[in-house]
Each structure stands twice: as C-alpha cells, then as structure tokens.
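Below you will find the structure I want to go over with you.
All chains are identified by letter, namely A, B, C, D, E and F, in their written order; residue positions are counted from 1 within each chain.
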Amino acid sequence: MDLKTAKCVVIITESAIKSDVLDFITTLGVKGYTIDTLCGRGERGIRDDDALLGDYLRNVKIEVVTTTELAEKIVFTVIEQFFKNYAGIAYMHDVQVVREDKFRP
Amino acid sequence: MTAILEISAQNILSPPILFFILGLFASRMRSDLEIPPAVGKALSYYLLLVIGFKGGVELNASELNLRLLNSLVAALFASAVLPLIGYVLLRVTARIDRVNAAAISAHYGSVSVVTFVAATAFLGLNDAPYEGYLVAMMALMEAPAIIIGLVLAKGGQGRRIFSPSFVREVFFGGTLLLLIGSFGIGWITGGRGMEAMAGFVKVPFTGVLCFFLLEMGLLTGKKLSDIKKAGIHLALFGLYMPIIGGAVGILLGAFVGLSQGGTTLLAVLCASASYIVVPAALRHALPEANPALSMPLALGVTFPFNIFIGIPLYYYATQKLFEFL
Amino acid sequence: MTAILEISAQNILSPPILFFILGLFASRMRSDLEIPPAVGKALSYYLLLVIGFKGGVELNASELNLRLLNSLVAALFASAVLPLIGYVLLRVTARIDRVNAAAISAHYGSVSVVTFVAATAFLGLNDAPYEGYLVAMMALMEAPAIIIGLVLAKGGQGRRIFSPSFVREVFFGGTLLLLIGSFGIGWITGGRGMEAMAGFVKVPFTGVLCFFLLEMGLLTGKKLSDIKKAGIHLALFGLYMPIIGGAVGILLGAFVGLSQGGTTLLAVLCASASYIVVPAALRHALPEANPALSMPLALGVTFPFNIFIGIPLYYYATQKLFEFL
Amino acid sequence: MTAILEISAQNILSPPILFFILGLFASRMRSDLEIPPAVGKALSYYLLLVIGFKGGVELNASELNLRLLNSLVAALFASAVLPLIGYVLLRVTARIDRVNAAAISAHYGSVSVVTFVAATAFLGLNDAPYEGYLVAMMALMEAPAIIIGLVLAKGGQGRRIFSPSFVREVFFGGTLLLLIGSFGIGWITGGRGMEAMAGFVKVPFTGVLCFFLLEMGLLTGKKLSDIKKAGIHLALFGLYMPIIGGAVGILLGAFVGLSQGGTTLLAVLCASASYIVVPAALRHALPEANPALSMPLALGVTFPFNIFIGIPLYYYATQKLFEFL
Amino acid sequence: MDLKTAKCVVIITESAIKSDVLDFITTLGVKGYTIDTLCGRGERGIRDDDALLGDYLRNVKIEVVTTTELAEKIVFTVIEQFFKNYAGIAYMHDVQVVREDKFRP
Amino acid sequence: MDLKTAKCVVIITESAIKSDVLDFITTLGVKGYTIDTLCGRGERGIRDDDALLGDYLRNVKIEVVTTTELAEKIVFTVIEQFFKNYAGIAYMHDVQVVREDKFRP
C-alpha cells in the first residue's frame, strides 16, 4: 500500500440548492461525497437562520475526494452554474489517499 | 372607540400575546433564550395538524352548500388580486424594481398560518364562531399568489414557470400537505375522530400556542433589526398593505355570506403575509429576487402589526359592517 | 367475509391509520414534509414509556398466576422458532446466502413496537381488553431472535457471540430499557401512579400516535423505493412471513390461554419485524450482512402490510378460532 | 424516625423519582438511551414556563403584604451569604485554590430549578401548600451568588465585573427570563389565564416531569464518573453543603413567616446548586476556573442527594420545627 | 478563469467564546467564514456534553478562506488571545480558489 | 512563534463504529480529535437515514492533527481494520500549526 495524491473539492452554498448541486456533480461523474449542514457569513450576509423558517436558509458543505481533473471541472462549473444568483464558494486542495481507484470517476 | 380599545386590551392581555411580547423582549435584550429549531418545527406541525383537523371535523358536521363554493372562489380571487395591488403600490410608492416588487407582493397574496391561529384564539375569547372551511380557504391562498408573482416578475418573456420541482414545492409542500391532509382526516372521521383526538388537539392547545408565539416573538425580534436596511418606504408598505388586505377580506366575506367570525378570519388571511412557504418557493423559482427585502417585512413588520392591531381591528370593523348591513 | 371487510374499513378510517396514509402519500409525492429526527425519537420514547407504564399498572391490578409464566415462555419460544422458519424459507424460496438469510430472519423473530401500539389502538376501537403482561412478552422477544440469527449465520465455527458490547446492546439497549423500566414503574406505583400520570399517558395518547404514524408513513414511503433492489422473492417473503408468524402467534395464544385481545396482540408480535433494534445490533455483531436487504423488507413491506391488513386479519382469525373453541 | 423513613419511601416510590433512578441505571449500564438534546432543552423550558406561570397565578390570588417583601430580601440574603460559607469551607477543608473555591461556592448560592420542581411535586404528594412567590424568590437567587463568587475570586484587584455581556448573561439569560416572564404573565392573567392554560400546565405536568427526570438521571450518571477526579474532600463538600444550605433556608423561612411548604421550598433552594446558569456565566466571567471541578459536584453529588434525601429531610425538619414553634 | 492559491484557516474552540472569536477575527479583516458545532477531545478533556447543560460545552469549528498574510495573523493572534484559558486549536493549509478577490480582506 | 508542518487525518465512516474507531486510534497514540455527524454517499449507497431508525445509519467524520508518521499509520491501519465490512474512507493532508508539541502522540 502506498499513498497517492488526489484532490478534495469543497463546495459551500445555500441549502436551497442542495439537490440541484448534488445532481449536477453526479452528472459530472462524482460517485461519492460527504455532506453537512452548517452556518456561515459572506458577501450575501449571515446565513444562520432559525430552522423554523426553513432549512433552506442555512448552508450545506459538500466535500468530494477525486482526481485533479474532475476536481477542477467541478470547481469551475459549479461556480459558473450556481453562484451568480446563489450564495456560495468552491475551492480544492491536495490530499493523500490509499485506495486511489475508489476516488476515480 | 372605547369598544375597540377594550377589544385590543383583552387581546393583548391574553397569555398567547403576552408570551409573544416576552419573546420580543428577550430578543431585543439579546437574551440566549432560544427554542430548539427541531422543536419549533414540530410545534408548527402541531398547529397545522390541529387547525386542519378541527376545520375538517366542523365541516363534517355542517352541510355543503353553495356558500362554501363561493367562499373557496373568493379565497382564490383574493390571493390572485392582492399581489397585483401590492405590486403597483410597491412600484409607485417604494420604487422597488420589477423583480423584487413581484416577489414581495407574492408574500402578501399568501397567508401566515400562525396569524390565522392567533385570530381563531382571539375569536374563541370573544365567543365568535366561524365556518370550518375557512381552513380550506387558507389552503387555497398560496398557489395563486406565487403564480401571479412569477408572472409579474417574468412578464411575457421568460422560462416556463411550471417545472416539476416548482409544482412539487407549491402543491405538495409539507405545510400545505399537512394542513389539507389533517383537514381531510377531520372531515372523514368527524365527531368520532374528534372524540379520540380531543386530548391532543384541544386540551393542550392554548399552551402550545403560547410556547409557539414565544418562539415567534424571538424570531420577529431578530428580523426587526433588518428592517432598517429595507428602508422606510418598504416598512410603511408592511403597515398599510395589511389594512388594504383586511378591507378586501371583509368585503369579500360579507359578499359571499360568511359569518362575522368567518369574515374576520378571511380578513386576517388577506391581511397576513407568508414568511415560510412563499420565500422558500421563490428562492428556487425566482433566485434573482432578494430575500433580505421580503422576509423582514413579512415577519418583522406585518406579523406583529396583525397580532397586536390587525386582528382586533378587523374584528371590530366586521362587527360594525354587520351591524350596518 | 363482510365482517372482516367492516373491521378493515373501521381500522383504515381511524385517525392514526389515515395519518399513516398521509405520510405515505407525502413521501411518494416527494414532499418536503419531515418530522425533525429529534422529535421523532422523543415521540418513540413517549410511546415506549406509555405502553410500558400502562402494562405495568394493569399487571399491578391483576394477580400473578401460572398463565403469566406460560405466556412469557411462549414469547421466548416464538422469538426463537420464527427465525428458524424464516431462515429455511429464505434459503429455499429466495435463494439468499447463509449470512443474509440468518440476518433477515432474525428481524422477523423480533418485534415492531409501533405495530404493537397500533394494534392496541385497534383493540381499543373494538373494546377488546388484553392482558397487561403482553408488554413483558414483547420485551422478551428480542434477544432470542438475535441469538438464533447469529448462530445460524456463524454455525459451529466462529467467534464467541457474547462480547460485552453485544450484551450491552441487546440487553440494555435504550428501547428495551425504557420499555421494561416503565413497565416496572407502572407495576410498582399501580393505580396511584396512573392517577398522577393519566394526563400524560392517556389524554394526548391517540394524537401523539397519529403524529408518530405520520412519521412512519414518511419513512415507509422512502423504504418502499428500495424494495426493487431487493427483488421479488424477498418482497414476497415480507408478505407471507407475517401471516405465518400471525398463525403461530394465534395458536400459541390460544394454547397458553390468553384472552381474545391478548391472542391478537401475540399474533401481531409474531407477525411484525424489527427495523430498529435488530438491524442496529447486527450491524455490530454481523457486519458481513447487508442492511440494504433487511431494512426495506421489514419497514417497507411487512410494516404497512401489518398496519393495513395484518392487524384486522389476526383479530378476525382469533375471533373465529375462539368462537370455534 | 419511622416518620422520616415513611416520607422518604413515599418520595422514592413516586413515578418521577423512579424515572430518575431508571435514568441513573441506564447511564451506569452504558445504555444508548438518550433523550435528544433539543427535546431535553424544550422540556426544561416547559418546566420553567409552568412553574413560573403557576406561581404568578397564585400570587394574583393572594394579597401583597410585608411578608412577601421580607421573603424576597431573605432570598437575596441567602444567595449572597451561602457562597461566603461555602468559600471558607472549601478553602479550609478541601484546600481548593482561591479562584476555584470562589467558583464552586457561587454554584451553591444559586439554585437548581429541577430540584425545586421535584420538591413542589413532593409537596403535592403530601398536600402541603406553599406561597406562589417562592418562584420569585428563586429568580432572585442567582445574581447575588455569581457576583459574590466573582468578588471572592478577583478580590480588590481585577477587571470590572459588570461588562455588558456579563449583565446580559446574568440578568437576561434564557432560563431566568422565561421564569420571570411566565411568572409575570401568570400574575397578569390570573385565574382566567389558568383556565385557558390548565390543559398545558397541569394535565401533562407529572408525566413531563418524569420524562425530564429520566434525562436528569442519564446526565447525573455520566457526571458521577467524573467525581473521582475531583477528590474525596470535594465530594464530601457536595454532601454537607446542601445540609448547611437547607438549615439556613429553614431558619430564614421560619423567620420571615413562610408556611411549612414554603419553608421547605426555601430550604431546597438554599440547598441546591446550579449546574446550568452559573457554570455558563462563569465560563465567561471567570475562565481561569476549572469547570471539571464544579459541574460533577453540583450535578453528580448534590443533585441526587437532594432528590433522594434532601427534600424529604428538609420537609421533615421543617415539620419538627413548626411543631416546636 | 484560473486557479489561485489561498489559505484556509481552521479554528476549533469552545462554543462559549464563539461570538468573541468571530468578533475578533472580524476586526482583523475577515469578511467571510463558515461555522459549525461539533465535539472533540484534547488536553482539556472530552467536549461532548449534553446540550441540556448548555451549548457552550461543545466546540465550534470556524473556517476562513483568505490570503496567506491574514491567515497567519489569525492563527497567531487567536492562539495568543484565547487559548490560555479556553480549549482550542488553530491551524491552516493551502487551498486553490478561482475568485481570488472574494477572499481578500 | 513559527509555523510547523503537520498532518491532518480525516476518517469518514459509519456512526455504528464510532467508538470502535476512536478506541482504536487512541491505542495508536492519538490524544486529540474532532468529531462530527454528517451524511454522505459512496460505494455502499446513500447514508442519510432518518435518525428515528438509529444514529448508526449516518456517518461520522473524525479529524486528527498529528505527526506525519502517526498520520500514515492511522490511515493505513484504519482502512485495513475497518473498511472491509463497513463503509468508510480515510485520507490525510498537510497543515501548518504553531504549537507543534500539542500534536505529538
């Protein structure tokens, strides 16, 4: 067993478009992801509203470990596709994995 | 004049409204008092279930007639017309751009369930009965408002409005489904159902409402701070639009022959603005609209206005009109 | 024949079952209706507390005798035998591998508390009393099923089954502990305890059950979609296995001399399948088993089958048998 | 002597205490029984609302007099004096450093609401009435303790104590605000308010208290394990300090002329230690103090001591004193 | 569009000082952050208490994507300012972003 | 004060084995970690079940900041030990820390 380099993509955006984003990255070839609901602050204000008003008012954080190629594609297209009208950021960083095949699209 | 002051005082000095004030106060003092969101959501489901079920049971006990049909049409009509009025007022008085004026006015064509529930509690205090199908009318006052709002925003051009996810959100949203479903279950099971359910839907009702209004006070207090950003013209709209809506509701109620209590409730439905269903639907269907304008208005201005002033006012006005008729 | 249809119709038209249908419908429409998980869990604890406490209070009021002992042994027996029957059927008819056949059959030797509660509500509607110690019998029907399932899966070879964490999970799991504990508290405090607790355990009970069955409908609806992956043979097993279990339960109940209501409940216990305790225990004790097979079966097929058809069916069959005896 | 044993037995065999024991047992068995935190918090808000509201309604029905004023002063006095006693004892017997001795003793000047509620349930069992304004006295027993604790910790030197966030936390904390607010609302709405709210504040009360004490048992069980780290001297302090507090409370109660029930409750207030409000406030105001010392003491030792032994003991002692007077 | 290097700062500390830390990094120039509540274990013991006793007994995790310069300043000053009396850790790592301007102070 | 390089290990796996994994890494020498409950999707399907059915149906994410040596050991042995029968991934990446000693085993 050996350590291989892969990329971890992080997308933080409005819960309102959670399923849209997941559907979108799935069509790009993503097979695995980890997702969480949290709060934040950015250009579009504080996103930390009471759940009574709706879960869509908070953020989701989606993490995808994958190849560099697919990672770049995700970052670029998600920003283009979603972040004109919706709050959100997307970035990526290097990680080291063992079972490289698991993270191929 | 003393009559309306008395009605108002009696309204404000009831436990639910006092708990709302407590919530407002706590929020303004930046207290850490906070109902856990999961519990808040469950309480709002409780209110929907109860109000729907009770309405259904009452409908079961009464006969279906033409007045019912007329009332339902009146509800659809109000929900479609109020956004048009609101849109024009917003464009003219507050000089809001097309998309945001359309979005905001859609909120005012729709309804606030909690305001409705508070109004039924108020009618209970005054021993004023109302028609069970008011709940069905409430259920109809969502879709027209949203659709008119979208048409106003997108005009002739534009993508098709009825995407599958839009239909799902507007017609099968949790709030609406629970309300209509409970209404249907009340209708089907009638008096027998109520017997089995009374310990849940009647016994703790006022107390749960107090708890919930405490939470609403906390929320309203937070949103109050965001009003300043929205500007004075918008804040004023949040005060006079419910009065216009209330007047429309009273006239419609009297026209279709609702009882005094029912007319008051229709006025409340017309006067109240949605802060849960409509903003959620528009976030998808009209992402260009700025939610930071509409939410503080509907929740921070119009909701407390109706709770403190609107409900007794519409009740009083209805009383006067019915005396006159 | 009309008798059973009447019983079924009366069952389906009761508020709890109608709320279950509402949940199913909402889920199939992909509505965003969703009871917050924290609240769902609290409601299930409420049901456990109530059902345990009531059973204990009733036991307190009745005398302990040999029939009680026989009934407890019958429960242990059923819980151990049903997985054996299920295992053979799964291996033969559905050609499931050893480990998964053992895992699935363990679910069917155990019970679903909610099905039991729904059955007690059904008996209430039909004014059919039942023995308080049925709750104690339910509490005994978990461990044997899991242990037999593990023995079937691991055969002669294999690690020792009774690791400390396994024992803790099976004998001190939250569900079981709350049920038994509340049963014990009811037993100790008896009528005086019930007086103090009635406003909590009786007054809102049916309503809370409705709320909870709404949630179960939402869950069941989701699991229904996963059935396809499991295949037709497995889905059929989910339909005929409860009938076999129900028959075993009725015979055992009559044999040990339970009342008509008690026999129906024992049938329901035998017919129902666990979807909370057993899958959680097996995830640790038998990680090779695939939870994607058993969960949709127990929750998506057998649970609704019992709610809609099984409960009235077992009641009717018991009635016929008791007329005959 | 048999009298106090009888009182104790009756206390322990009541449903709320039995559920507390069940929670303790589950926790020691490392069961996965766990009330969702959101629900636990909502239940504690329910208790605050109910206890405040009831107190207010009772005050509304009684006349305001000098005894009320004296009682309030006595509460303030106790809350300020108890930390001084505790501080000296901790420094001398347990040789705790200045900052931590001050922090711990502040917990003992303040109160545990749940202990108070359990005591009112105990008084209910014994048909012993008490003054409604005991709730107001409880509300006053927080700030003095915290302030004295801070003065003891920081001495002459030191930053100013009353930062805005400190004031907000101590005077507008959620717990205190909900208690006082509900008290006020009960006071304002009186008997009419109680009529509307009885289905919420009375009907399910004992049951909800059981549920909550189950949760407290789970929490207490966890904290018990941390006692060892704190050491034997500290654990002993957690046992004798409530007795000292209880004695102070009984003398004060008799002195200002409270009823037997009211005197018992004042003893309970003095004897109980805060494990929610004070630790939260001190984490900000006195971050040098080690929360791993005070929390296990207040929650793991003093709380169960009061529940099992303290409450019946203070009740019995009060009874004897009143017979004597 | 091109990928630029930025830093992601991670602060994990007691919920009790959540608003203090947020206020503090805001005065340093931070305009956007993402925040979540979670549990953990460290030198100051296990922080996983029941919410009934107060949310302040759990941890918050604050993530800030920003320039290297500001990132270093945050890490150093937060440790200095808060972690003497409160439980907490702070670290940072490289990330790749697209809209570099969005993450400038 | 200076920035030193360390590793951050991330383990995402079934909540069912949360305490097993924590016990295991503790025996490897881990003294501090941060842990959260979240959802995800991978080879073993979507893990996002209703909490009513049991918390064990969701995922936990465990993060450990430590030395490179221990980090590698954690990644390799956790995969070997747990991920044959349980859903899960493990990876690691470089981070910069100040108080290096705090993260030594």
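Heads up, the rule we're going with is that contacts are C-beta pairs under 8 Å (C-beta built on N, C-alpha and C of every residue); 3 or more make two chains touch, one makes a residue touch a chain.
Just so you know, these numbers come straight off a predicted model, no measurement behind them.
S.K.: Please state, in steps, how far chain F lies from chain A along the shortest route of touching chains.
M.R.: Steps on the shortest route: 1.
S.K.: Could you tell me which chains make contact with chain D and chain F both?
M.R.: C, E
S.K.: Compared with chain C, which chain's mean CA position is the farthest off?
M.R.: Chain centre farthest from chain C's centre: E.
S.K.: Hey, which chain ends up farthest from chain B, C-alpha centres compared?
M.R.: Result for the farthest chain: F.
S.K.: Do the two copies chain B and chain C share over half of their interface residue numbers, or under half; same or different?
M.R.: Different, since most residue numbers here occur in only one copy.
S.K.: Going by the touch criterion at the top, tell me which pair is linked by more C-beta contacts: A-B or C-D.
M.R.: Result of the comparison of A-B and C-D: C-D.
S.K.: In angstrom, rounded to a whole number, how far apart do the mean CA points of chain B and chain E lie?
M.R.: About 41 Å, centre to centre.
S.K.: Centroid from C-alpha atoms only, then distance chain E to chain F, rounded to Å. What do you get?
M.R.: The mean C-alpha positions of chain E and chain F differ by 19 Å.
S.K.: By the touch rule stated above, which residues of chain B touch at least two different other chains?
M.R.: Residue numbers touching two or more other chains: 35-39, 41, 203-204.
S.K.: Do you know which chain A residues sit against two or more other chains?
M.R.: Each of 36, 51, 93-94 in chain A touches at least two other chains.
S.K.: Which pairs of chains touch one another in this structure?
M.R.: Contact pairs between chains: A-B, A-E, A-F, B-C, B-D, C-D, C-F, D-E, E-F.
S.K.: Please name which positions on chain C make contact with chain D in the complex.
M.R.: Against chain D, chain C makes touches at 36-39, 41-42, 45-46, 49, 168-169, 172-174, 177-178, 181-182, 184-185, 188-189, 193, 196-197, 199-201, 203-204.
S.K.: Note which residues of chain C are touching chain F in the complex, please.
M.R.: Touching chain F from chain C are residues 37-38, 40-41, 44, 215, 218-219, 222, 275-276, 279-280, 283-284, 287-288, 292, 295, 299.
S.K.: Please give the residue numbers of chain E that touch chain D in the complex, ascending.
M.R.: Touching chain D: residues 14, 16-17, 45, 50-54, 56, 85-86 of chain E.
S.K.: Quick check on the complex: what are the chain C residues that touch chain B?
M.R.: Those residues of chain C that touch chain B are 13-15, 18-19, 22, 25-26, 29-39, 202-208, 210-211, 214.
S.K.: Looking at the complex, which residues from chain E come into contact with chain A?
M.R.: 1, 3, 6, 8, 31-36, 65, 93-99, 102
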